[in-house]
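Given below, in the form of structure tokens, are the structures.
In what comes next, subunit A is part of two complexes: it sits with subunit B in the first one and with subunit C in the second one.
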Partner chain A sequence: MTEPRSRFDIVVVGAGPAGLAAACAAAEKGKRVAVVDDAPSPGGQIWKGEQSRLSIPQAQKWIERFRRSGATLLDRTAVIAAPEPGVLLAEHPEGAREIEWSKLIIATGARELFLPFPGWTLPGVMGPGGLQALVKGGWPIAGKRVVICGTGPLLLAVADGLKKQGATIAMIAEQAPMSRVAGFGFKTLRHPGKLVQGMGIFARLRGVPYRCGVWPVQANGGEQVNSVTLADGSNQWTEKCDLLACGFHLVPNVELPLAMGCELAGGCVRVDANQLTTVPDVYCSGEPTGIGGVDCALTEGQIAGYSAAGSDDQAAALSNERAGWHAFRLAMSNAFALREELKSLANPETTFCRCEDVAFGRVKAASGWREAKLLTRCGMGACQGRTCGAAAKFILGWGMESVRPPLLPARVGNLTRTNR
Partner chain B sequence: MSSSYDIIIVGAGIVGAACAMECARSGLRTLVLERGHIGGGTTAAGMGHVVVMDDSEAQFALTNYSRGLWLALRPQLPADVEFDLCGTLWVAADHEEMAEVYRKQGFYEPRGVHVEVLDAEAVARVEPNLRAGLAGGLRVRDDAVVYPPCAARFFLEQAMQYGAELRQAVTVKRLLSNGGVELADGSRLAADRIVNATGPWSPELTPGLPVRKRKGHLVITDRAPGFVHHQIVELGYLKSAHSMGQDSVAFNIQPRLTGQMLIGSSRQFDAEDGGVDHAILDRMLRRAFEYLPGLKDLSAIRTWTGHRAATPDKLPVIGPTVVSDRIWLATGHEGLGITTSLGTGRLLADLLLGRPTAIPSDPFLPARFEKGGASHG
Partner chain C sequence: MAERVQLRVNGKSVEVTPGTVVAAAIAMAGESKFRRSVSGMPRGPLCGMGLCMECRVTINGLSQCRSCQTLCEPGMEVLTDD
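Moving on to the complex of A and B:
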């Protein structure tokens, strides 16, 4: 049970690694802190369900620390608008919530990037992260033959997780060329934690073909995907599969920062050394500032938490650690940069906007995102372009549009503010 | 200056587009200049209710004439214009508003507009999601709903088939009283006549024009087909929407062909900012919940705002300016420009070519304002 109206010194949005770290740092300094998250339990994407599963020591450590920190978790609470400075409007199963803050830390994470190719909307084709979440939730995968494709370190982590649950991983197809991926592996030597994690995964994935420079061109099947056609630039071939997990790395969730008026740079939230955005008293950490992974998020989160709580010294003490993760972040974005071929996978008939069922040919004929929206309804559906807008940005080079409330689909009744 | 065009229309909103269609159809060499997207201004924000109104004889004449033109055009409209003859249901909350139902009936019927008076039971039957206890309503069968940006695009496509030209990404800086326009890059284009069809921005090109921006908010839901069947408007609308002074809200809901519900509306002067104002949004939605309690449980996906071009007498400005008969206006359509775009286009073309007009044009002429179109360079 939460109150319709509440106020805190520091409100953190997002209970993933960045948000938990921020909340711990600030609450341990004696501030009244709340963490707001849509999910029923803390952990975000990567540590989803870890509070009861106890499989990742790092997650256990942070969730435990969070429990002891005195911070409040406002679970099942989705932030839908920022109606006035210092106030968030949120949706809870029991109704609207108004949460007042003196300092705000945005730690909203990232989502998977999907690029359209023929067949990508067939049942059985999904994002690696999405599939992993389903399996963690108890979805039976044992005995299923899975092809994992797309790009980024997530492909390996997901393959590892699925294999443990009894799936057969037919192939991991990484679009980035071997030369770049190998270079990235070498760079991670400077980050021993990552390396051990990587080695563990590689050892467990022995026998699974990991091919670099390979990407999907078509998912095949009638009712359900039954194979995927892959390409490496000179050859095309088909791999049989029951499920195709395909994702092209991550896109930062910047809707809330945009709604608050925070400036972006290169699609990510601009922050200073204290993780402060261009809006006073609004901080940001983790993936919205750049896709850097869990360790980067933890460090940035703590810096934001300490800064917001007024402990600039403790924040500053972490800046070297953060610089290391930022080097890793840069190496990762270079290694897994998307290849040009991925811009031309879709045919004119390929569905581009799933919500409104708009084909790529119609979208491409428009002069830009806004015209496409107005004249074809692309991006006008329930997801408001969260999926196709990101694809349009990569494939067509279009800027994303401005956000409007609600930040997520919300009960109309919850758009009215609680009575005062 | 030699004129390569008979007419240059500034602005490719639905009004400029309809003017272009009618001018080009009449054989005028027509050029349309637009700084942004076709129908990307107020036209992209408007509800798209094609409705007959009766605030004044002139307003009735223009809306009724225009609705007739929409109905005639209907067979040619492409699917993405989403034309839906859903009709309007004006709902009366109490007996005072019921008196307004009978007054409207008394106004419309002799003028040939098909209406039906519904009692409380009939209202509940045709719109079961409305709260119980309403007094009744008036159903106007031939009112409709369209999707305005695609309608504007269709009108322009028609115009181009008749030979009109369109240039986009062109900002007009000044209208020239000797015929022509000056563009933002300093270059000039010549024409016998210029039409300022820039909607809420029209006073920037015609200083002194008494057109003010009147902000409105709308909320759209995810698909909920059948939640309502008519565009439903409260009759308290008349009291609130037309009190020019302060901010007002009124219950107004529109079923889209997509199955979505579009919820309006609010009116605010001196609110130039395009952001969503949660205080007025709050009032607007609460007003809607008073009529449709179940609306609270639908899923909202987007809220947006737009600026209507409002005039002091609530009528659009159509015709030549007082200072220069080379500069014409087609603006000030407030909350009815989607409806009245077609009538405006016809009226403008008829006036330009000296043809008889289907409805009296005097109430719309800029000359009715003392300073109607003051200074042009």
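Moving on to the complex of A and C:
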């Protein structure tokens, strides 16, 4: 049971690797720390369910260290607004929560980028990370035939995870050309941890076709997906599947930083050497500052935690380590840059906004995101543009200027408190 | 793993291990369509992380619950395609 109103020296939003590392660093310095997360257990996306599963040593180490750190976990608590300086408004199944902070560390992670193509709304078409998360939550996958497509290292991690659970991976289709992906593999040699992880995955994925320069053009099926049409620029063919996992890497969750007034650069939160944003006392770590993976998130999290707790020297001691992960982050974004063809997968009739069923042709006819929202209701539905807004940014070059509360979908009763 | 959780999906009894999300129980019950879109298209989970809202179902009479973010509890009544 948590209190309706509580106050802490340092509040961390997000209990993924970045948030847990930040909380450990700050709480071990004697600060009163709370970590707030929408999910029922700590671990974020990559370590979902690890607190009971005990399968990843790195996750165990951090979750255990977090338990001993003295930091408080406020789980099932979604931050929906920042109504005034120093206060977050959150939603818990038992009601609204007000959480006061002196320093705030934002570690809200990332979500998958979904791009519309004919058939992408069929049940059974999911994000690779999304499917992985559902499988961790007990989704029956054994014996299912899965095609994994889109882009990024996540495709491999997910293929490995699903295969271990008894799925048949019919194919992994990576949109990036082989030349770039191979170059990325070579660059990761400078990061031994990543390499070992990568080799383990490759060994276990023996026998699974991994095709580069291949992308989805259509998902087929009536009430449910049963095959996918893939293309490589010269040929098109169809692969049968029970599930199609398709995602175009990750985009940072920047709604909370935007609501707090933090400046962005290139779609990511701008931070200084201490992970401090452009807003005083507000720090940011992990994916919102750039898609860098779990190790980058852990290092940035610790730096933010130490800085917020006033231990600048301990933060500075980690700056070389961070520079290494930032090089990896840059190599990853170059290797998996999205090809132009992906901008023209949707037909005028293809559903673009899944919440309001707005066709791509109607959206495209608008002059920008604001007009599309006003005229077509695109991005105005239940997900508040989380899905189609990111697609519009890539396909049409439209940016989202601002965000309105709630930052996560909220129940109506708690929403009335966001506008005061 | 002695513990099991019993719940019902569209009236059909499903038994799961603790820690299973409602979306998974729905799949175990053999349902693929979780909801219908505003124009009647069948939909199922997309993001698996609580953001896309495509996995919404009715749980214990409360509509619009995200089944990917809700853990199964004993005696739960889940309705899809509402």
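Criterion: the second predicted complex is superposed on the first by the 414 of 420 C-alpha atoms of A that agree within 3 Å, B and C clash if a C-alpha of one lies under 4 Å from a C-alpha of the other, contacts with A are read in each partner's own complex, and residues count from 1 in each chain.
By definition in this document, a contact is a pair of C-beta atoms (placed from the backbone, for glycine too) under 8 Å apart; a residue touches a chain by one contact, two chains touch by 3 or more.
No experiment lies behind these values; they were computed from the predicted model shown.
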{"item": "Which superposed partner A:382 touches (first subunit B, second subunit C, both, neither)", "value": "both"}
{"item": "Residue contacts with subunit A in the superposition, subunit B compared against subunit C", "value": "C"}
{"item": "First, second, both or neither for A:69, with subunit B first and subunit C second", "value": "neither"}
{"item": "Partner chain in contact with A:277 - subunit B first, subunit C second, else both or neither", "value": "neither"}
{"item": "First, second, both or neither for A:354, with subunit B first and subunit C second", "value": "second"}
{"item": "Touching partner for A:137 - first (subunit B), second (subunit C), both, neither", "value": "second"}
{"item": "Subunit B versus subunit C as contact partner of A:311, first or second or both or neither", "value": "neither"}
{"item": "Which of subunit B and subunit C A:108 touches, first, second, both or neither", "value": "neither"}
{"item": "First (subunit B), second (subunit C), both or neither touched by A:285", "value": "neither"}
{"item": "Contacts on subunit A seen with subunit B and repeated with subunit C across the two complexes", "value": "381-382, 409"}
{"item": "Subunit A to subunit B touching residues, read off their complex", "value": "81, 83-84, 89, 367-368, 370-371, 374-375, 377, 380-382, 384, 404-406, 409-413, 415-417"}
{"item": "Residues of subunit A that touch subunit C when the two form their complex", "value": "38-40, 45, 49, 52, 111-112, 114, 121-127, 129-134, 137-140, 223-224, 351, 354-357, 381-383, 386-387, 408-409"}
{"item": "Partner subunit A, residues of subunit C touching it in the complex", "value": "16-17, 19-21, 23-25, 27-28, 32-34, 37-39, 41-54, 56, 64, 66, 68-69, 71"}
{"item": "Touching residues (chain side subunit B, partner subunit A) in the complex", "value": "37-40, 44, 80, 149-150, 153, 168, 219, 221-222, 258, 263, 276, 278, 281-282, 285-286, 289, 295-304"}
